[in-house]
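Look for chain A in each of the two complexes below; its partner is chain B in the first and chain C in the second.
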Partner chain A sequence: MSTARKQAGAELLEQLGKSGYGKPPLGCMQCGLCAATCPLGSAMEFPPRNLLLQAASGNLDKLLESPSLWMCVACYACSKRCPRGIELTESLWPALRDAAMQRGIQPPAELQETFQNVLKYGNVLGKSPRARLDWTKSLDVRVLDLSREPRPVDVLWLVGCYPSYYPRNQVVARAFARILTQLGVAWGILGTKEKAVGECDRMFGEEGLFETLVEDNRKLFDKYDFGKLVVLDPHAYRALQNFYPRFGAWYPAQHYTTFLAEYMEQLRPLMVKPVETVVTYHDNCCVGRRCGCYDPPRELLGLISGVKLVEMAHNRDDSLCCGGGGGGMWLDAHIVAHGGQRLSDQRVREAADSGADTLAVSCPYELSRFEDAAKVTGLEGRVKVRDIIELLAEAMDLGERSVA
Partner chain B sequence: MNIAVVVRQVPDLIEPLEIAPSGTEFDFGSASFLLNESDDHALEQALLLKEAHGGHVTVVALDFGDVDNTLYTAAAKGADRIVKIARDDAPPPPRAAAVLYAEAIKPIAPELVLVGVQAHDELDGGVAPFLAAALGMPYVGVIRGVAVGAEPGAVAAFKEFPGAVMARMNVKLPAVLGILGADQPPRYVPVSRIRGAMKTTQFEESAAAAVSSEPLTAIARLYPPAAGSRAEMLSGSETEIASRIVDILAQKGLVK
Partner chain C sequence: MITSDEELRIGVYVCHCGSNIAGAIDVEALTKFAEQLPHVALARHYKYMCADPGQELVKRDIVEFGLNRIVVAACSPNLHEPTFRRAAEDAGLNRFLVQIANIREQVAWVTEDKQEALEKAEAHLAAAVRRVAQHEPLQRQFVRIVPRAMVVGGGIAGIQAALTLADAGREVILVEREPSIGGHMAMFDKTFPTLDCAACILTPKMTAVKLHSNIKMLTYSTVESVEGSVGNFRVKVRRKPRYIDENLCVGCMQCIDGCVFTKAKFPNAFDQGLGLRKPVWIPFPQAVPPVPVVDPEVCLQITRGKCKQGCVEACGERNAFRFDQQEKIEEYEVGAIIVATGFQAFDPSVIPYYGYGKYPNVYTSLEVERLLNAGGPTGGKLVLRDGSTPKRVGIVHCVGSRDANYHVYCSRVCCMYALKLAHLVREKTDAEVYNCYIDIRAPGKGFEEFYNRVQNEGVRFIRGKVADVTPVAGQGTTAEGGLVMQVDDTLLGKIRQINVDMVILAVALEPRADANEVRREFGISCSAEGFFLEKHPKLAPVNTANDGVLLAGACQAAKDIPDTVAQADAAAAKALMLIDAGQIELEPNTAWVDEKMCSGCKTCIALCPYQAIRADEERKIAVIDQALCKGCGTCVAACPSGAAKQHLFADQQVNEELEGLMNYV
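Right, the complex of A and B next:
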């Protein structure tokens, strides 16, 4: 192997060591905890431990061309377990993906389409920006669109791509609008001007696209007077909390679970309707494992009379990923074609095994992933997938009749 | 090989097209635009030929819509020169547009001109054959791949005919090829490269804009297709709708 090639891998790892994400990757002692904990590691040609070894040894070419480069679903399990504190999820994987694309290596076609949708339309679904407010059409509470009616608000709610466009998630968006209104929160949205926050693009390694979104969003956010950003998407939360500030774009942001948990006492008397169900809660990876926020979602569920909370075999920092992060949302076919499995299928079986009849979630990806998984595994009807927001809205008698 | 590629912006059908009050043109003010798909393939084919055999790729476009983004992307992918034809208004229909492209392409003196075989705004015929006529070059369309042939001064163009028959045609250069598909799908180029190209790419202005491009055909009226018999909308509960669908399928003899 040429010295130049060997250096390319080591240099990349050395640069990452200085990036401010975790401890230097060259400090890896090859203990293998990362590979052992990776839910898709056994299917990867280069699971995390080997990824580091091969990069450090200069085997970058082989590694960047491997389909396993596009199999990480950003569950943070490797980063969480690494005794050396190496940030594989937010640093190593995106950097390698970026390096691959810079060399002209083509990402899976599904990802190319997603990137192009975000660049052209500002949303992952490739929908018209003008249709971003369609979810509000059947809404019975007032929506303040700051882009048309700028005024100071306490909460600037970034609705997100799926809740804005995807019919199943639009139900959740409407329920959240009703809850905010019921709580008397002064809230507004960006209307048709809203764009993707871009977490998934960065995790895919599309750093340039992410930078473009940060620049656009920053200009947009700075136009308005708001107290904090509130998001439904835990990925967006993570990006605003940790990636945006690296571009000098610092905005106070909260995921809706921690935001609503601050209204616990106001919410309690509003719970007027029992919801008789056994619920298990799926900890999403960003707010859960990455940020260690496990109690607020459970406390919110605990407010609802009739709800009995049970835990799945894997919960809290040991939670099993739905497989949708880091581009996984679009890469089920790629992952399965290369020997991996749909983690959402496994997770929904765990939910059924827990004895729950409701799988509660707090991430827009998870509704469709788990509902699909329930169909695939024959558990449809046995396990109902619902966002915490939907359960709260039902208990507050604010739910949509067709869904509740 | 010295290759010229024509790229066009076409209305993005993500939004419904609006007909302007005149009734004879579209209201492009409310439309967004994107790169014509088969032109994207023409560019990819040109880049593949350049990478395999060396050469020079010049991209030619009418300055319209958000063409700059398309052109920066082409530069990021590997196009060597970008020539823009200045326009104050929407592109003219294909026969007139072909004259503009031809005037911009002549000074480049390309051996091969690649252009998408079709675009959904081609109201009075395809740009590709009109362009060949305006340049006085031979034309072959519906091409699914191009190789540098054994014969000097010629390329092998692969054309698909109905009935799953492929033809390999030797095309003497210079020539215009109407590209349906490149040898491989258009490449993805990361946005950081496009951002880089925005900082370094210089567009060249073509003098072709001075050429008269009066449309040779006139549109009498643009209108949405007349609605035929309306669809029957089923209503009721899921079970009622499902059983109604089964009845309809049974009536039509599609299920027993």
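Right, the complex of A and C next:
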């Protein structure tokens, strides 16, 4: 190997050390806690520890060509536990993926398709921007589309790709619209102008595409007068909270769970209908493990009479990932082809073991991932997957029931 | 005060400090600058002012040129103010007519630009010259030192320090929070690397403490407050009631048999809760003093006021029980205090992935020490919760240590005690033992040899930090059955699952939960991780920033028994040095009251943090005790009539210093 190549690895790590994402990776003591923690580590040719070691030693060639480079699902478990405080999830993995693509190494085809979708249509599903408002068609509350009717609002709600287009998630979007209206919040959306926030693109290593999205979104957001951004997607929340400010794009943003938790007292008297069910809550990785926010979702569920909350064996810091982050949403086939398991299957089994009949979630990816997993594991009848928003809307007796 | 007939003649000396100062500041220019300042009779610069020739220069000039004030522009006054004060005194000048301008730490080391550095040094120098012109001769003051020491904490550190002081013929008060002295060491089975039985080497020392005529042992007691200062501390000690008269009890333990509770049913904290005890109990058989203690939370006589009192009956004519005993506060005067309050074991239940507190067969190392100890809850048998003998044991290193999420520091003893536990497990059972480590740290005398010995005994070593401890699949989450440790075998480059039936967590040593309150009471600081801070990490390892308060053992940092004992002896020597001096010089910067100006309003009395001021009701003035005053200046600032003044900090002195500084900024 050439000296230049060797240096490239060390330089990459040095740069990462200065990027402000966690402690410098050069401080790694090779304890392997990350590798053994990684839910897909056993299937990886280069699990996190080895990834860092090889990069530091300059052995980039094999590393960047390895399928394991595309197996991280951004569960943040390695970063959270790292005894040296090294940020692997948001720093090392995206940087190496970026380096791979700069060398012309092709990521798995499914990912390339997703990039194309975002690039062409501004959403991960490859749908027409004109169809962005389809979810509002059967809605019984007024939707303020700021792009047509600009006026000051307290909450600018970024609906998100899945809630805008995917039928299962559209139900949740409508329920959230009803809840916001019931609470008397002055809210608006960006209508057909809304674009993906781009978290997944950055985590894939598509730094260039991500920067373009930040610029586009900044121009868009700056046109309107709003108090804060509220999102349903925890990944979007993480991007707005931590990635956007690095480009000077700072907007107050909240995930809907923390946003609604501020309305506890207003919500309490609105809970008019008991929902008799045993619920276990799945902590999503971004708002949960990454940001350490565990109580608001549980407090919201606790508002609903009839709900009995139980915990899965792994919860909070120690929660298991659904496998959908960091591009994982589109990488199931790739991961399984290389010896990994579908993490959502494991999680649904754990939900069933907890004695719950409802698996409550707070991330648009998780609904379909866990519903698929319930089918695959034969638990379909036993564990229902529902977003917290759906459970709240039911307890508030706000129309449409879950299609699940 | 400058009298009109005395001409001020100030001598200024600029030190090069090798190149420390001269490399950053133009010392010749600075000297020239000094020469033109008012009242400066002569100015010189010299390579090393603190060296003998430098001091000689000052002495000679005082005599030859009749200098009556000295300014030395050099390093921090913390370092050489005493040196130049002594030099001045040797030449017949009052030692307090010397002022230091700190141009090293405050200028040379922190100012890159040479011109800027010169200007800054000039300002410091001018300030010192103008200040020293206002200085007055002061008398040196001394106070008597109480020839007695207090040792706080009765673990191996406190025991060793107390015995050393007592053997040197000094009186010692030993305060211990628990019912018995002995500390953590008394819990251990064997000690590394020599494998001596902990009790065999510790209990003779514990007994020696009890029998020593120079040691007053206060067990089941805590320090309530500390007042005074070096040489004259007044310490209040809170003595919890045992409900048994220590002087009458002979340690026969028949009361424990006699207790109406026929079975022990309360967790024994000394056994880490693995063993049970009765309401009247003793932590371990060799406890010192061998006096049981009654737990007021569960004793029927105390909680309900009604009991058959089998204990009292068993005690018989020795008649040692005192159910009416009350907590009391005793006060002791001591000249020096050795803080030896030790550590606590890290609670691993905060790490979710090791399952401590969730899976019954995950233990802490301290729990296993008790299981291995012949005096422990299983009589020295290493067994699982269900009574069976483990066949495969996993030891997880660095639990809570070397981890940015818990403690970043290395706890220093865990590798060695983990090796010891591995050896003892192999000795007592046929179990396979797996030590999962990051690095084996064995840098002490005989340590590496012990590591090698344990390797050769067949203990398996896996280089990797364990990531998960989970029950064997299909057993549910609370099963008492087998466990799996998931670990990246970093040498093999393979993620492995190791099946074991017992997991031992080698937990960190951490500062005690109340360390912060304790350090405040003793007026000392702590380092970032919470251990008590020594005065200097290399050159004053047992002193603290509070004179007269010394440190020994694991309260200062995680350390092993040999180091603890060495540090305890060092602290004892320092305490001895202090109290044997008989007297101690006070700092001269004390406050005093100008009697003519004092209106007797008493404002200062309530504000003084050292209780150094009292009211003279007859003369209607405040009087400041020079031995108690620490020169904090609170009364001076608060006095509404300007009667409270402070030596070396008179208004004029401070104002002149500021003027000098500001003129050149």
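Please note the rule applied: the second predicted complex is superposed on the first by the 398 of 404 C-alpha atoms of A that agree within 3 Å, B and C clash if a C-alpha of one lies under 4 Å from a C-alpha of the other, contacts with A are read in each partner's own complex, and residues count from 1 in each chain.
Following the convention adopted for this analysis, a contact is a pair of C-beta atoms (placed from the backbone, for glycine too) under 8 Å apart; a residue touches a chain by one contact, two chains touch by 3 or more.
As the structure is a prediction and not an experimental result, all values here were calculated from the model.
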item: Contacts of A:C82 with chain B and chain C, given as first, second, both or neither; value: second
item: Chain B versus chain C as contact partner of A:Q7, first or second or both or neither; value: neither
item: Which of chain B and chain C A:Q266 touches, first, second, both or neither; value: neither
item: Partner chain(s) touched by A:R49 [first = chain B, second = chain C, both, neither]; value: second
item: Contacts of A:Y121 with chain B and chain C, given as first, second, both or neither; value: first
item: First (chain B), second (chain C), both or neither touched by A:S305; value: neither
item: Residues of chain A touching chain C in the complex; value: 23, 29-37, 41-42, 47, 49-50, 80-85, 313-314, 316-318
item: For the chain B and chain A complex, residues of the former touching the latter; value: 12, 14-15, 34, 185, 187-188, 190-195
item: Interface residues, chain C side, partner chain A - complex; value: 352-353, 398, 402-405, 438-439, 463-468, 477, 486-490, 493, 495
item: Contact set on chain A toward chain B in their complex; value: 98, 101-102, 104, 106-107, 109, 112, 115-116, 119-121, 126-128, 130, 205-209, 211-212
